[in-house]
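What follows is a set of structures to go through.
Each of the two complexes below includes subunit A, the first together with subunit B, the second together with subunit C.
This part shows the complex of A and B:
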């Protein structure tokens, strides 16, 4: 059943991928000017060079032909060539891991913190602890995450010198090697901390309100009557049910999660997909922009399938099959 | 009607006074609104005037928040930036409403294939990371004008609002007064305008309020990446400029960030307050 479900979801993802990529492609083509001209403006290439390059990159064909060629190539695993002659796929692959590393670790920590404190605040609703946590969450919710990143750099890198300062520029050149784990952690911790501070309040608010909603349920009253300890009531009876809306929230806000991740990557020059996207968009590197967008949407779809499966395990009311899809 | 209105505003003000945070939020929003309406009165200098030889000056008596790398007064830029932020956020909310309102109403009211069509389309849009679309659209339109930022933000964000409007319409559609109006033979257009719309207006107001906060953050993000209009003072532009001088002139970064944070915070508080007052359940 599960295999069938995953297969159907993947098939359903194809129209979504086509809608999204064609939309982005259309936007790219509505823009005036030609990427080759942007490239040549710097090197003052001749007219002939321009013609050759335009043909080589396929920009001489009508836009819908270009799009279908791209689509065909993409499904055969060829994402095209960047303006600098590097295959897009080899630009993207190493970066996917960096992006996933940052995202998975930060989401895991955020959910863990939100579950711990959200359940506590919801259970002790109206207490001083709850009020403080809720206020902090609202404050964290309102801080622009990239600004938080800048302040982090200012305090911990510039003033205290704990972390490398080299991560200021928008530059793509410095790809950080895995040479030493500690060196790697030095670069990972700053963006990670900022992402956790940015994501946790959102999940915290959700979890708190769903815990409050559940506390009135009969089975909680029952558990209390039976003399179960607070710890058991919160973390065994309540949490299991409160996790359902949290899973839904993570699933529907994947686009936002990726977006936030990309901006933080840019702030800390983390060598992921976000920095690549911004620099490619600024340089009008069509096929790189298309490639990164395609990969992002693909990652979002795969994540949402995984989340749906997790969801079905938490929530026994939902089972694969029937009218669910 | 007059009396009911007065009654509501009395309750509103009484509740407002009860919470210090809400009072603060209201005060802050009023300050920012006044600043954005009359920046020329409050700004000490023209935000784009460059003072030669006074680049990256730390905060002092004549430049309260310091100056930036070409010698522009940071405070004046923040005050004029308030206008940019509010103008863009309000514009984006309007665009979003223009798209989401008819789609949400039609999908919710008629259901069946209309609903399916619109909602699947909305789902596809929601699948795109907003920031990807924003980056692509803003860069490629060489936009750098407020209008295109407004358009893009509205175009990217409407599905969220449309889904809420659809849900609310679905709820109202089953109410007795709508069924009664239908059986009396009123046209669908008449029913939507006179019975459905008035009953879903409060969640729309609340969500639009929250979206104002979102759009202020978005605008700052777009300008921060360097895609904003470089000739117009905005909070995002200051952060973009300040980034290069974090070590030598941190005040360019610190002050506009605090303004963004307090404004977004206040709008969220007011949104929470509004939804409590209108006794809504919005998740």
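This part shows the complex of A and C:
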């Protein structure tokens, strides 16, 4: 059943990809200007080459033809060539790992912290601990992550000098040996911390309220009545049920998570997809923007499938029915 | 009743005042995002113009959209409502050693030949610029540029606002670093205090963005940060050098000497001997010929300057002589053979064998790169970093600085923090802005050289001369006389700038120092120009209006008293 479900989801991913990328391509074309004009404006060179370049890059064709050509090439494994002659695939591949590293680690830590403290706060509702945690969560929730990143750099990198300011010296090179892992962690911790501070409060608040809701349920009273310990009540009866809304939240906010991740990447000069996307969008480098969006959509689809599987694992009530997916 | 009349009078007066507040001219000024100085200056200008009935709306657009509107072939010459622009404000970069890009001031510079973004069409100005190109005598050229500036002040396509200074933003112990020359051509001369020639010296430079090229033809013809990344790797025939008087001059680099024929149509370069490419092949005249013939062919897609198109043919009588035959004398040809916007010389034994069409993106990996310069590129990670290493076989000897790392830091605040902490040693001039100015003292305390140098650029408020109102030169002159330029320099630049009199910046040999600034605050003169343009606001509250309103008031009072009198009398009767 699971295999079939995954297969269907993957097949459904294809129309999703086509719709999303065609929308992005249309938006890129609605923005005024031709990439070649932007490219040539920087150098103020002769315009005789303009026609030649437009022809070479295929921008003389109508946009839908350009799009279908790109689509055809993409599904045959060729993401095109950037305006600067570098194959898009070689720009993207090394960066995907950096983005995934930052994102997965930050999400795992956020969920872990949210579950621990959320359950605690929900169970001890109204206590001093709960009030402190809720206040901290509200604080973290209200601070814009972009600003937080800059403040983090100011305090921990410039004033205290614990961390490097940005990850710009992190070559996309191999991470081998213990020493280089430590070196790598030094670059990873600042953006990671900011992302954790940005994500945890959201999950924490969600988990706390659902724990509170569940604690009022009859089966908890029943469990208490039969004399179950606090530990069993929280971690067996409450948490498993409370995780369902959390999983949903993670699943539905994947787009936001990616967006926030990309902004933080720019602040810390993290060599991931976000910095690439921003610079490519400003330079109107159509094929790089398309390549990065394609990769992002693909990653979002894959993560949502994984989340669906986790969902079924947490709650056996949710089954992958043949008709409903 | 009398109250009714008084209210009527006040209401009428208010209407007149409102009519007075209606703008007589309205246009939209576009400022690209990232040009914060210009935005702040425009806010000051907007307030000043509003007092005199000129409404200037300010919009900010990302640089890609903005440049596409200003330069783009589809939007060229359209006004803001039609999808182009009415007015714009940013700064235009000029080369310090010669007047490259000046073809943009002539109607001959309309696409496809040039980048006349303002659609400027002034025959006299165009003639002066053209005459300045047809002679190689520097004094004669200076005179033509002087006449051009005078004409420019009478009919400006843009109002030059100020020339601005930028902080060096480099570690204080780096000697000979010149932000004007960028890192391009003088990285060889850099020294670091307290280090010896034998020490392994590393300098790290932050750039906000690059275009990811590692070949000189495309990389050195794109933006300045990109130029910084690879210019030390690829030298050209000439290079620009700082003179004792503070100006810049073109001196031979790969060429040993050059001479110009009497008629100005032939330029002969004698090349240096015993220079070798990094793969061991000797550098010969063939390399120069292949490079420039490729640039002249549009099929190669090199965005080379239009000035290069004045080359008729290139001849190589022997291995160490190159002769450029020109269509007509062209003084800028030397500047175009000297670096930025032209690229460097590429190896003929590699590029001579492949068709011009495949030149773009032929090199994608540093291991493929064959170069001649003081540095070699050893690592290239797109959008992240370029690593250059000293070339031990460079013909002038091994450079003092052994390794230059260029790292991309998109966020200005991050870059400033990195400089403060010593993680980078130099910030390129693209970071200079309010954020950097705000950190002046703390950076100085951290051992950073924050002395100011005049940047070769003119900050301006430019106009689309196809706009139905702005095409009137008196309107433009009126606006020029309503710009509180001293306020702008004191408030926005914190005093690090000076008012501009024209497009030529003061560091250039051609700067006409005796011409007064164009932008100033002189409302009376502005009103005079507006009157000439026919856009003066009619004086709505005239003396007759006041008499009329006074009469209304008196009539109201009389009628009021009369009614009061009649009413009270009737009551009394009853």
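Just so we're on the same page, the second predicted complex is superposed on the first by the 304 of 325 C-alpha atoms of A that agree within 3 Å, B and C clash if a C-alpha of one lies under 4 Å from a C-alpha of the other, contacts with A are read in each partner's own complex, and residues count from 1 in each chain.
Assume a residue touches a chain if its C-beta (ideal position, glycine included) is under 8 Å from a C-beta of that chain, and two chains touch if they have at least 3 such contacts.
Here the structure is a predicted model, which is why all the values come from computation and not from measurement.
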Specify the outcome, clash or fit, for subunit B and subunit C once both structures are aligned onto subunit A. clash
Which partner does A:266 contact after superposing on A: first (subunit B), second (subunit C), both, neither? both
One more residue to check, A:245. First (subunit B), second (subunit C), both or neither? first
Given the touch rule stated above, what does A:278 touch, subunit B (first), subunit C (second), both, or neither? both
Which holds for A:154: it touches subunit B only (first), subunit C only (second), both, or neither? both
Where does A:82 make contact in the superposed view: on subunit B (first), on subunit C (second), on both, or on neither? second
Touch check for A:19: first (subunit B), second (subunit C), both, or neither? first
Given the touch rule stated above, what does A:143 touch, subunit B (first), subunit C (second), both, or neither? first
Would you sort A:48 into first (subunit B), second (subunit C), both or neither based on which partner it touches? second
Stretch of subunit B, among 45-53, 81-89, 171-179 or 189-197, that runs into subunit C once the two complexes are superposed: 45-53
Intersection of subunit A residues contacting subunit B with those contacting subunit C? 31-33, 150, 153-154, 158, 165, 168, 266, 278, 281-282, 284
How about subunit B: which of its residues touch subunit A in the complex? 21, 123-124, 126-133, 135-137, 139-142, 213, 217, 220-221, 224-226, 239, 242-244, 246-247, 250, 253-254, 257, 260-262, 264-265, 268-269, 283
Touching residues of subunit A toward subunit B in the complex: what are they? 15-16, 19-20, 23-24, 27-28, 30-33, 135, 138-139, 141-144, 146-147, 150-151, 153-154, 158, 165, 168, 170, 206, 209, 245, 252, 255-256, 258-260, 262-263, 266, 277-278, 281-282, 284, 289, 292-293, 296-297, 300-301
Interfacial residue positions of subunit A with respect to subunit C in the complex: 31-34, 37-53, 56, 81-87, 90-91, 94, 150, 153-154, 157-158, 161, 164-166, 168-169, 171-172, 266-269, 271, 275-276, 278-279, 281-284
So, in the complex, the side of subunit C touching subunit A is made of residues 62-65, 67-75, 83, 101, 104, 111-115, 204, 206, 209, 211-213, 218, 221-223, 298-306, 308-309, 341, 357, 360-362, 364, 379, 381-385, 405, 407-411, 413-414, 417-418, 420-421, 423-424
